[in-house]
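Next up, some structures in structure tokens.
What follows is a pair of complexes built around subunit A, which joins subunit B in one and subunit C in the other.
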Partner chain A sequence: MTTQQIQAPFPGVFYRTPSPDEPVYVEEGQAVQAGDVIGLIEVMKQFVELKAEASGTLVSFSADNESVLEAGDVIGTLEVNE
Partner chain B sequence: MIRRLLIVNRGEIALRIVRAARELGLVSIVAHSEADADTLAVQHADEAVCIGPAQASKSYLNIPAVIEAARSCQADAVHPGYGFLSESADFARAVKEAGLIFIGPDADIIARMGDKAMARQTAIEAGVPVVPGSPRAVEGLEEALAVAEDVGYPLLIKAAAGGGGRGIRVAEDSDMLAKQLPQAQAEAQAAFGDGRVYLERFIARARHIEVQILADGKRALHFFERECSLQRRRQKVLEEAPSPAVDSATRKRLCDSAVALAEHVGYLGAGTLEYLFDDTTGEFFFIEMNTRIQVEHPVTEMVTGFDLVRAMIQIAAGEPLGIAQDEISLKGWAIEMRINAEDPDRDFFPSLGTVEKLVWPTGPGVRIDSGLYEGYKMPPFYDSLVAKLIVWDDSRENALIRAGRALDEFHLQGFTTTAGLHRRLIEDPAVKAGAFDTAFLERWLSEPASDHANKKEVINEQ
Partner chain C sequence: MSIDVIKPGLASSIQDKGREGHYHLGIPPSGGMDQRSLIAANLLLANHEGAAVLECALMGPELRFSEARKVAACGAEMTPRVNGEVRPLNEVFEVPAGATLSFDFVKAGARLYLAIEGGIDVPERLGSRSTYALGSLGGMQGRNLQAGDTLALLPAHGRASVGRRLPSSLVPAFSKQYQLRVVPGLYAHRLTSESQAQFYAEDWTVASEADRIGYRMKGGTRLSFIDREPPFGAGDDPSNIVDACYPIGSIQVPSGSEPIILHRDAVSGGGYAMIGTVISADMDTVGQIQPHQKVRFVQVTLEEALAARARYQEVLEQLRQMA
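== the complex of A and B ==
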């Protein structure tokens, strides 16, 4: 098992849900496939989907919904499938 | 009487309003978010007040926080700028109820002109042309064919419940209308749960032309038109005044219609009436009114010599318009290029960073409206517009040459902007000829850049 830190590719506001009244993209502990959307980053009024780079389990989020991120900030931890 | 003006905005427009306030001898106070404490507008203002966290919904759009800030800093007037709360009737009402002056029209007028159906109805009442169409949803084919005779082909069949380009079909003639109408109704029923459709003239190649007005509640004046057809995703990219497509007879009818509409509603403040202009027929149709100052107001200031932001503050303070229409005349040509922190080579993705080096163009006929300075770190929370480069010269041809010279002098290190795109755009033969419509820029952007310089030759060879 290897773990991967998911980092913010650019600064912005991080969202775990597609819109305020919808459920989160991914729950902590949930399995994800490479390419699955795990959150949104809003930068200068554009919303960019953040996707899992590998298949595995999204163990935890370290960034809260609506938190402000700098580029490189850790968003969460992914346990990558072997 | 206004003594202390609260400016509830950011970026270049907050700075623009600070400048007008200072020239009027008012105390300028900038209301800013936590992310904007270091902006140039805050630095130039007499005072500043923080209204909340970085996210606009918690600061620049937070009406109770703004009203509380206005009270705490003892402001007697509020300027909303553009965007954010500038066209919120609720905000205008809250400002007034707090005993302050709102720099703009009454809440009722904002609400009336902000509703597309009501604005259209108001325009019809004032005798202003709107896009020809059925007055309401059409029922059967017989009614549709009768309406189509008046409206003319080609026409659009639009779902009443549609929007954002969805639920629209084109009918070129009566046969197509007969075939398409039942399909469009069934499709609208399936897609929106509402089968009502209406008809509207399809204007294939339209320009976006708008008229600037100032009004004092009784009388309205126009400041001629702006040409804003060069757009990407409905966002204006380059604007100019006057429009190369409008002759003086059409200009008079267009601008008179804007004055008629403004006076019909008893408008007060600065406003802009947007029109679709059909190049092929010379017809213009009112589409909507913006009840605020606009991003591209400088081109109008350059060709008329009037300070619109100063004037809107004076009007709100209760001063009647002190000039007559024939005292306002057009002189020369002005072009505004919006410099956005976006990378045109990466599909206009936001390009963030810190301004490491900055050299503005100067010299004759050049104006810069911008909040940038060396060392400024751009926050990721707001619009990507970072500067407006405005040039004036005695003719359109010379203004385009001057725009090129100014862009060549402009130097910014730290992030990518759309300045390079403008440099190429103003060299395009169609742009030089003033021959474009609202779809031009997206077509141009989808062509390889290497084609642009040689376009004329390529066309000639064919």
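== the complex of A and C ==
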């Protein structure tokens, strides 16, 4: 089992939900497939989907919903399926 | 020779030095927001200093080169990689035929300028290849790059030399906190004197909406305008004026809450009071500020602004004289 840090590819505001009154894309501990949307990052009037780069389990989020991220900040930890 | 866009980045557009002379008709100058870095990247390659380049905001693109070509990347610190191997910023390197050029996360600054020997070949519109996305004019079909685009290049001139490097004295320094110099006016008198002082005494945070049209600021105290009877033609909001021309760099504060610095894709006029104008010598800096970084406005006189402009022109001259 390898662990992957999910990093912000650019600075912006991180959202775990598609809109304020909807449930989160992914709960901590939930299984994800490569390409699944994990969250949104908002910058320059755009909401960009952040996708899992590999299949596995999203162990934990280190960035809070609506927190401000710099490029490279760790958003969460993914345990990658072998 | 062409370049295939595999991933476009976040907001990558073709820009040159811009189309001057049409703002009075509503067409803004566009062009690279950080002109100095755009010019530096071109001059490193012995290109014409206003050749069309890629301006890449906050995240770099992934590009595949059909043939070998020399390139130079200046501006925001995003480490270039050729087939995954690190290449230097501010220095000419070659991308081999079939190779992929990509970039790491941005470490500092906001916009990287990727110049390619010869320059990007798109049709000139009103004398410029710059993209004005809001007006669907110039660049790649009037818009930012998309995956699947193919960039045509002008012929390589053969004068670019691998390893040619920008002297460290001419490499801009980036920060997370900036001072921007402002000449007050033309409508600063519409603010209360307390608000005029307050505006320059506080840190403002760049909002996430900041883009080529304008840089919106948040986090400061709401500004108060002096009570008045709206003149004929002005809106009812205290921040409204009878429509006037907006200079590039002018700062408007709709309803007094969030100042907006207009940049190179701005609308040319409207009905918001401009409380000051960021001096031309600091406009490149504005284009390199990331959302959520801090800005402090510093009041200067017109004479100080002109002296700063002369110093800025000296730096451009040093770039042109670079060995």
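One rule holds in what follows: the second predicted complex is superposed on the first by the 82 of 82 C-alpha atoms of A that agree within 3 Å, B and C clash if a C-alpha of one lies under 4 Å from a C-alpha of the other, contacts with A are read in each partner's own complex, and residues count from 1 in each chain.
To be clear about the criterion, a contact is a pair of C-beta atoms (placed from the backbone, for glycine too) under 8 Å apart; a residue touches a chain by one contact, two chains touch by 3 or more.
Worth saying up front: this structure is predicted, and the values here are computed from it rather than measured.
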Original post:
Which of the two partners, first being subunit B and second being subunit C, lies in contact with A:11: first, second, both, or neither?
Top reply: both
Original post:
Can A:43 be said to touch subunit B (first), subunit C (second), both, or neither?
Top reply: both
Subject >> subunit B versus subunit C as contact partner of A:35, first or second or both or neither >> reply: neither
**OP:** Mind working out whether A:72 is in touch with subunit B, subunit C, both or neither, as first, second, both or neither?
**Re:** second
**OP:** Report the partner of subunit A that touches more of its residues: subunit B or subunit C.
**Re:** C
**OP:** Show which residues of subunit A both subunit B and subunit C reach, each in its own complex.
**Re:** 10-13, 42-46, 68
Subject >> Touch list for subunit B against partner subunit A, complex >> reply: 54-55, 341-342, 349-350, 352, 380-384
Subject >> Residues of subunit C defined as touching subunit A within the complex >> reply: 10-11, 57-59, 105-107, 208-211, 290-292
Subject >> Interface residues, subunit A side, partner subunit C - complex >> reply: 7-13, 42-46, 48, 68, 70-72
Original post:
Given the complex with subunit B, which residues does subunit A contribute to the contact?
Top reply: 10-13, 42-46, 66, 68
